[in-house]
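Two complexes come next, and they have one chain in common, chain A, joined by chain B in the first and chain C in the second.
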Partner chain A sequence: MIYAILSVKKNPGKLNALLAGIKGLSGVGLYAVSVNKITLAVCDMNKAEIIADKSCAIEYAGIIETLAQQFTLLPVQYGSVMESTDTIKKMLERNYAEIQQNLLKVENKFEFGLKVFCDSEKLMTELEDANETVQKSGSEIKNSVFREYVNQKLKEHRREEMLLSYVDSIIAEFTRLLTHLNTINKIKKMASAKNIIDAVFLLKKNKKDEMVQAVKDFQSKYPRLNFILTGPWPPYNFVDFTLK
Partner chain B sequence: MHDNIIDRSKDITILELLDRVLTKGVILTGDIVISVADIDLVYLGVKLMLCSVETMEQLKMGNPVPKK
Partner chain C sequence: MSKNKILCNKGTVDLSVNDVTEELEQQTNNKGSKLELTPANADSGLAKLVLTLVELIRKLVEKQAMRRVDGGLLTEEEIERLGETLMKQEMKMEELKKHFNLTDRDLNINLGPLGDLM
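Moving on, here comes the complex of A and B:
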């Protein structure tokens, strides 16, 4: 089983010492498999022993977190296994350039997650009350069931557009706020009816306090929205390649 | 919201962690052997439901999960 791909530029002995002190899933020892300056943290695993439950996944993530505190790494998705160290080395050789580039991108950085929740129906109603165009759209076409249906759909469409426009403005404002932190952002709008923004940010480790303050300031400006900031995390969302 | 803006509530953290470790990170195509059919995810009241439940369903059906 593979836990993470690490950059070990100097002192590979430090990684070996760290791995010697960590137990993998089912208490199995961890070790390193390396090609040049890229190392995988792995453990031997009988496939039949892999248990798909929450506690194993959490334990696995905890091991990655321990490694991430001391090394630049790319976390590997839970349940990733390869047959042998030879297979691993061949895979590393095939993908060396992409992995190295990605490791450089995340060096000395970590990830924060930000989710913004609201009652979107209530918000749409508030936006609608402030927007005459949407209010008028209900009375444009009259006098038949079909036309009422079209009216209704038109009104719903405009309400949704209004909400999306509002979300876009929030995102634009927040990303402007973060410009000085040089974050790399990945933002999803309307992940669900209540989750209007689902974002992850990659930033330098020494910018953590500024990130937190930026979100605090933003929260106080938008008290109707519920901000959930989590992190710091290893860069799970900033893996830019698929291994071949 | 909260004075402590980084949400430390255990349930939210666990959900965020599971979402990352189960659906993000480096993917070995063709080599994932774990079935995640029985992961028990926490539903946090009426205000939050993280997208991992849908992602879990996708994984159960063997569908690729679109990345962010």
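Moving on, here comes the complex of A and C:
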């Protein structure tokens, strides 16, 4: 089973020593399979032995985390198995350029997750109170039941649009604030009614404190939102290639 | 999510680690929205699949219609007709959901990392 793809430019002995000290899933030892400067951390395991449950996935993530503390790596999806070291080497040779490109992108960087939560119903009402257009739509009611129906739908539509535009403005302001950190961002809006922003950022390991401070500053500015910053994580969301 | 991975969590919305975990599990747990087609439930399974698609299209049409109303692109008469159509469509959907014993939640399939369908 493959755990991660690592960049080992110098001192492969350090990686071997680290791998020797780590026990993989089911207590199976880890070892390295390399092609030039790219190394895979693997263990010998049959596909049938892999248990797809939460505790195994967490243990697997913990091993990747340990490796990520010392090496630049690309995490591999839990349960990725190849037949032999020979097959692994051939796969590495086929995908060498793309893997190296991805390793370069995440070099000395960690991923941070930012989730913004709020009571969106309450927030929409607050925004609505401050917005004349939406309030006005409530007073446009005419006699027809169909027109009333449209007015109600229009009001809901305007409330949603207002929330989306508010979320857009928060995202724009926050990304502007992060410009000097040279982050790579992936941002999703409205993951759920409560989770209005779900973002991941890739940034240099030594910029962690600045990131934390930026989020704290933002939290003070927007007290009705709840900013949850997590990390540092291995770059789970920044591996952009498909194996050939 | 382990506590030592949370670098910042303050704000007026009181969220504990458990609350966040629960919310995230809800987002990724699609047990309730899986289409479980078996010989025993072929009818309702298929109905759920079809109604999910119909509801998605209905909501998209409604959204687009509201954009046009909001943009002032329709006459009073057109708005009236639109209201009647949308209202009848919604009532028909409610009827079908009731017939197949489905709720709004059943028709809102979770698409994993992409979030909910609607």
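What we mean here is this: the second predicted complex is superposed on the first by the 241 of 244 C-alpha atoms of A that agree within 3 Å, B and C clash if a C-alpha of one lies under 4 Å from a C-alpha of the other, contacts with A are read in each partner's own complex, and residues count from 1 in each chain.
Going forward, a residue touches a chain if its C-beta (ideal position, glycine included) is under 8 Å from a C-beta of that chain, and two chains touch if they have at least 3 such contacts.
Note that the coordinates shown come from a computational prediction; the quantities given were computed from them, not determined experimentally.
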Quick check for you: in the superposed arrangement, does A:154 touch first (chain B), second (chain C), both or neither? second
After lining up the shared chain so the two structures overlap, which partner does A:179 touch, if you call chain B first and chain C second: first, second, both or neither? neither
A:206 contacts which: chain B (first), chain C (second), both, neither? neither
Once the shared chain is lined up, is A:146 touching chain B (first), chain C (second), both, or neither of them? second
Would you check which partner chain A:78 touches, where first means chain B only, second means chain C only, and both and neither mean what they say? first
Quick one: chain B or chain C, who's touching more of chain A? B
Could you look at A:195 and tell me whether it touches chain B, chain C, both or neither (first, second, both, neither)? both
Between chain B (first) and chain C (second), which, if any, makes contact with A:224: first, second, both or neither? second
So which bits of chain A does chain B touch that chain C touches too? 115, 117, 188, 191-192, 194-195, 212, 215-216, 219, 226-231, 233
Of all residues in chain B, those that touch chain A in their complex: 1, 5-7, 12-14, 16-18, 20-29, 31-41, 47-51, 67-68
Chain C residues within the chain A interface of the complex: 1, 5-13, 15, 20, 23, 26-27, 62-63, 66-67, 69-70, 79-84, 86-87, 115-116
Within the complex, which stretch of chain A touches chain C? 112, 115, 117-119, 144-150, 153-154, 157-158, 161, 188, 190-192, 194-195, 208, 211-212, 215-216, 219, 223-231, 233
Once bound in the complex, which stretches of chain A touch chain B? 2, 5, 47, 50, 52-54, 57-58, 60-61, 64, 74-82, 91, 113, 115, 117, 186, 188, 191-192, 194-195, 198, 200, 212, 215-216, 219, 226-231, 233, 236-237, 239, 241-244
